[in-house]
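Below, chain A partners chain B and then partners chain C, in two separate complexes.
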Partner chain A sequence: MPEIFIDNVRYEFEGKPLVLQFMLDQGLDPPFFCYHPSLSIPANCRQCYVEAGTPVMNRETNEWELDEKGERVIRFFPKLMTSCSLEASDGMVIKTQRTSELVERAQKDTLEFILVNHPLDCPICDQAGECPLQIQTYKYGPEGSRFEHKKVHKPKRIKLGPKVILDAERCINCTRCVRFTEEISKTEQLTIISRGDKNYPAVAPGTEFDDPYSLNTVDICPVGALTSSDFRFKARVWEMNQTPGVDVTNGKGCNIDVWTRDNLVMRITPRFNPAVNDHWMPDFGRDDITRLNENRISKPQVKLDGDSIKSSWSNAEMSMAEKLQEVKPEEILVIGSAFSSVEDNFVLNKHFSALGAKEAVFSPFIKEGSGDGFLIEDDQYPNTNGCRLLGLKELSPSELEASIKESGVKLVISLEDDLVGRGAVSAAAFEGKFFVYMGSNHNETSAAADLVIPISNSVEQSCSFVNTGGRIQRTVAAKETMYTNRKLNLEMSMGRLDRYGTKFDNWVSDRNRIDCMPAWEFLERLATLSDQQFGYQTTRDIIAEIASVNEKFSGVNYDRIDDELGVPLISNEQEAKSV
Partner chain B sequence: MKETYEFNKEDLAEIEKIKAKYPDKKSPVMPVLWLAQEKFGHVEPAVQHLVAETLDIPAAHVYGVVSFYTQYYGERKGKFVFDVCTTLTCQLCGGYDILHHLENKLGIKAGETTEDGMFSIQSVECLGACGYAPMMQITNGVYCNNLTTEKVDSIVDGLKSGKMPEFEQIPFPQHQDEQKNSEG
Partner chain C sequence: MAVDWRNFEPLLIPKIPNLHKIEVFEKHDGYKQLAKVLKEYTPEKVVDEVKAANIRGRGGAGFNAGLKWSFMPKPDGKPRYIAANGDESEPGTFKDRQIFEYNPHLFIEGATIAGFAMHIDAVYVYIRGEYKAWIDMMQKAIDDAYAKGYLGKNIMGSGYDMDMYVHSGAGAYICGEESSLMESLEGKRGYPRVKPPFPAQKGLWGRPTTINNIETLANVPLVIKNGADWYKAIGAESHPGPVLYGISGHVNKPGVYEYPTGMSINDLIYEVCGGMRGGKKVKAVIPGGSSTPPLRGDALEGVCMDADSLRTAGSMMGTAGMIIMDEDTDMVDVLWRISHFYHHESCGQCTPCRDGTGFLEKTLIKIRDGHGEMRDLDLLLDLCTQMEGRTICALADAAAWPVRYTVTRFREDFEKRVKNTVYALA
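Right after this comes the complex of A and B.
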């Protein structure tokens, strides 16, 4: 197998890797700015310099030439090479800043040039803490600035588009954002304008950066030049927790990181998953923070004389149990939801089937033609395939409305799905029925309900979703509710503020903890009244049971989903659509 | 009212000829911008969009090219544009003195245009005439070499009366002796 020597350590490689990517894969930390594994390689930041050499081959004997000590003669390239664009070859010798003073000096000088016109105001910069330029200046940079002249001033706070703001002074012209619009989103809206020390990225005059994927440029910007207009100056990165999750605003199920502070979701960024979304996600998925934080249903609500009033959990349980006793099992209509998780749908269906009700139904939310063939799908809900695989009965909106209106139905139980708001069912359809809505946000459907049960959403519990490609992926609880606790739930991530903050400082509070519980947990509590509970403690128990009773989910568990970045349940794409 | 710009049939035929010379559709942008500037006198954003549409390339790309070269006028300029070189050689030989003299004389700053629309001044990068520094170019045309403040004054006065300075041929130093010899 071909070999390469990096800082006197021998590595073997296959194929034709680029030296920088190979070093990254080996867990080394070469410095770089402009390189991005999913974009083309311009090699313009010059920060990944290495000394590179190849052994000399004796053309007659086809053997490596040896020196008097019996070691290979290495012929080094006359100048330093950018490792990002250098292809590894057999026997290649690489010296990085760890072993080569020349490389160390080159990186220091490159950084000094980059910093000549870069503002040195990290304490007020939004990127501080997650800034490659800051990190690398600490690691490899000069100790101070020798630049005594006035820096070149460029425009600040330019609104490139509705979501992206540019600070041209901070830009180091790595062109990642330009390459993103040219190669990934293909809108080609950005370019670098002007020249020399005056250049910076811009849109064509009279246009705006309204790319549906525009915020990805903020993620890949290696400095604080591009910032998100929603998130800028809202939180420092070291104050937040980062928890893996799944985007539930679209059927694609992009992998995300949920950033929380004091139990508020501050921002959502894409998480790398080569099988689903690579490094990217659409902008509207990030807007989901408003739904996760605001307008939440906290505490159960009952309708009394047309007014919705807050009630206690025990009251909610009792009134629901009473209703269940009043009606016959065949008079119950259970509506599952492609918006809710596999676990919630499964427990809902199992619970009411045990009471003798008919199989749960669901109605997918598909907007034909709204997809773009990249990361935006027609399917607006994250778990349509999950409901199909669980065997829920799929109804069109009109069929669903008809079955709600059926005179035989007296009790309607619906899992989180804004049926009225999205135009599937009219609010009038629920008249004359007792309508129980289990949801996490106030909406037109919850307004129509007689009893509203607040349930945890996808960032308040660990739960799984099956995307349009038939891949099951899961979220991890990121936000505490009234009844969960980071310190006890070892799966939840804990940031510095969570660890060291107290109720008596300004940083953490109980203010943002919602009085809600997962739908399955409520159903379990309800079942204890009649002693028919199934004994689930966590969603892990539920997925284990699903895997054992439903062969389509066989072999699925959370550990496997975590290790393999999701498990494909449907291999064939055609099959996925027709399940 | 916003002016609209369009290419007529002859222009489009010319553009087709230009396009035929290049392997891809991004490359003809410079000659086509040049053609547009000759026709309209400038390449303002509206013209940039026209060029982008005509060549079917992103408008941002055209904007990048226009803003890179000082020879393209991304905004309307005066009748005569003084491109004063301030790159190293000219700078050392007094390029900024010439620039500031022009600024004071015309009462505008570099990058501005006089109110009567006659003159604009630009501070530009090297125009490749370091041997005759300090120098400037007038409206992408004549090079005025070995400038002094007096020479600048006479050029400006000449232009006001409609007299464009003539192109002066300056022999290379190594050829100067030959010239002297031939002059006898």
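Right after this comes the complex of A and C.
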């Protein structure tokens, strides 16, 4: 196998990797700015320099030429090479800043130049704390500045589009944002204008950066030049916890990181998954923070004389139990939800089947033609395939409305899905029925319900979803509810604030912890009344059971989902759509 | 070795009235070389002949044109291009303009021969936008050549097709750099490309492309007419041929002069240009456009205008756009002006060039305005080291060299201007 020597360490490689990517793959830490593994290579930042040499081949013997000591003669390139654009070749010798003073010096020089016109406003910059420029300056930069002149001034706070704001002075002209719109989202809305140290990215006059993927440029901008108009100045990165999750606003199931501070979701960013979303996600998936934080149902609610009033959990359990006593099992309609997790749907179905009810139904939410063939699918819900694989009965909206209206149905139980709001079912359909809605947000459906059970959403519990590609992926609890605790749930991340924040800290507020519990947990509590509980402690127990009773899920568990970034349950995409 | 320049008759721009008219050009053997090539030569033979003649690129780098042509891959039936570089933006350079004005058909003929040699489908003539009048002259010449069948389909009945288009630049010096010239032709921002791949592998629209300077291509018919050996006998041995010297500055008769390569700089100043204005002494000579290191006026003895001699003297041939400066010249001002140009023209891709050119200029302004300190001179040289050889294209080098060599060769001018902040410890 071909070999390459990096700082005197031998590595083997396959194919024709680029030296910078190869070093990254080996866990080395080369400094760079403009390179991005999913974009073309402009080699413009000039930060990733290495010294590179190749062994000299004797043309007659076709063997490496050796010196007196029997070592290979290496011919070094006369100039420093940018490792991002350098292809590895057999026998290549690379010296990085660790072994080459020249490289170390050159990297320092580049940083000096970048900083010459950089405003150095880290204290008020959103990027601080996760800024490659800041990090690399600390690691490799010059100690001071020799620049005693006026910096170039450029426009600040330019609204490029509805979501992205540019501070042109902070821009280091890496062109990542421009290349993103050219190569990934293909809207070509951004370009660099002007020349030399006056240049910065801009949109064409009269247009705006309304690319449905625009916020990805904020993620890949290596400095704080591009900021998100929603997240700007909201939180310092070191105050937040970063927790892996899944985007539930679309069937694609983009992998995300959920950033929370004091149990509020501050922002959502894409998490790399080459099999699903690479490094990207659509903007609307990030807007989900509003739904996750606001307008939440906290504490159960019952309808008394037409008014919804808050009630205690035990009262809610009692009235539910009473209702179940009143009706015959065949008078219950159980509606699952393609918006809810595999676990919740499974336990819902199992619970009511055990009582003798008919199998749960669900109605997918698909907007034909709204997909874009990239990361936006027609399917608006994250778990349509999960419901299908669990064997829930799939109904069209009109069929669902008809079954609700059936005179034999007295009790309707629906798992989180704004059936009324999304136009699947009319509110009138529930008239004359006892309607129990288990949901996390107030909406038109919860308004129609006689009993509302507040349940945890996808960032308040670990749970899984099967995306349109048939891949099961899972979330991790990112945000505490009244009944969960970071310090006890070892899966939850702990930030500085969680560790050291006190009740007297400005940031810390118990109000952000919602009085809700996962749907499956509520059902388990309900089951204690009839002594029918299934004994689940966590969703891990549930997925283990699903894997053992449903062969479509065989072999699935959270560890595997974590290690393999999701597990494909349906092999080909066509099949996935038609299950 | 002295070059016999006194008996030299101009070849690129011969003194023939109305030569820019196609009928006059035809009368003086015009397009005969093209006819000869189309009839008698194979493409390989043309490449070999031009390679043997060692026409060194007149655009600045001085690369053997025929050798460059030989890098073109074998034809595969898909389009191949020549980009003829008439961007001519390097300060001190104004010689391609003479060809556009006085002998455009020589260039067209040369480019068509080159096209035949490399199986080219189209030649793009890239001319700086400021040359509006010359763009029109060139367009007229091309139209005439089409009308006479020297361009277009089935050129002179040979079965060879080739088109030629004029493209106007939009005022960026960087678009003279070959790869950003191609970007510009493709309608993109003039950002130089990362090499490899080289233009012969992946040029215009991803197809094999050769970039040559206008003057380089105008030399081709001369080689075909009289042979490589004849051509090699003109001027300096390692850098042969006629060359257009564009001389500006404090001489009595500035202008574009055609003479053999290898002429001594002193002959050019005192014989050709009629000496220095007001009989002043020469202080500095920039031999080939503002990016080439300036030579001191007191070190010109024996220095000739060819690559070898200039390398020995510590400079380069560049575009042979010579700027002559007399003893009253303030080198701080000169250098500031040059640095201002490169600062203004950096495309802004590479960090060292984008921010280095500005750093250089601002430091020079500080010195020019009398606020400089001794340490600023070292800083300037340091910045040059931080820029040279570290960028995508050669603009950063072009910006650094004049600074490095002006500061080191004319240090007294700079020391006079800066505050001496280095004190002896008592």
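We adopt the following convention: the second predicted complex is superposed on the first by the 579 of 579 C-alpha atoms of A that agree within 3 Å, B and C clash if a C-alpha of one lies under 4 Å from a C-alpha of the other, contacts with A are read in each partner's own complex, and residues count from 1 in each chain.
Note that in this section a contact is a pair of C-beta atoms (placed from the backbone, for glycine too) under 8 Å apart; a residue touches a chain by one contact, two chains touch by 3 or more.
All figures in this text were calculated on a predicted structure; none of them were measured in a lab.
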Mind checking the superposed model to see whether chain B and chain C fit together on chain A or clash? clash
For A:E188, using the defined touch cut-off, is the partner it touches chain B, chain C, both, or neither? Pick first, second, both or neither. first
Counting only touches as set out at the top, which of chain B and chain C does A:T260 meet: first, second, both, neither? neither
For A:N383 in the superposed arrangement: first (chain B), second (chain C), both or neither? neither
Most chain A residues touched (candidates chain B, chain C): C
Regarding the shared-chain residue A:T110, is it in contact with chain B (first), chain C (second), both, or neither? second
A:N173 contacts which: chain B (first), chain C (second), both, neither? second
If we overlay the two complexes on their shared chain A, which of chain B and chain C does A:G196 touch? Say first, second, both or neither. both
Given 45-53, 81-89 or 99-107, which one is the stretch of chain B whose C-alpha atoms run into chain C? 81-89
Where chain B and chain C land on the same part of chain A: residues 191-192, 194-196
Which stretch or stretches of chain A touch chain C in the complex? 41-47, 49, 78-80, 85, 106, 109-110, 112-114, 116-117, 146-150, 152, 172-173, 175, 191-192, 194-199
Of all residues in chain B, those that touch chain A in their complex: 45, 48-49, 52, 58-64, 67-68, 125
Would you mind writing out the residues of chain C in touch with chain A in their complex? 172, 174, 189, 191, 194, 343-359, 362-363, 365-366, 379, 386, 389-392
With touch defined as at the start, can you tell me which chain A residues reach chain B in the complex? 188-196, 202-207
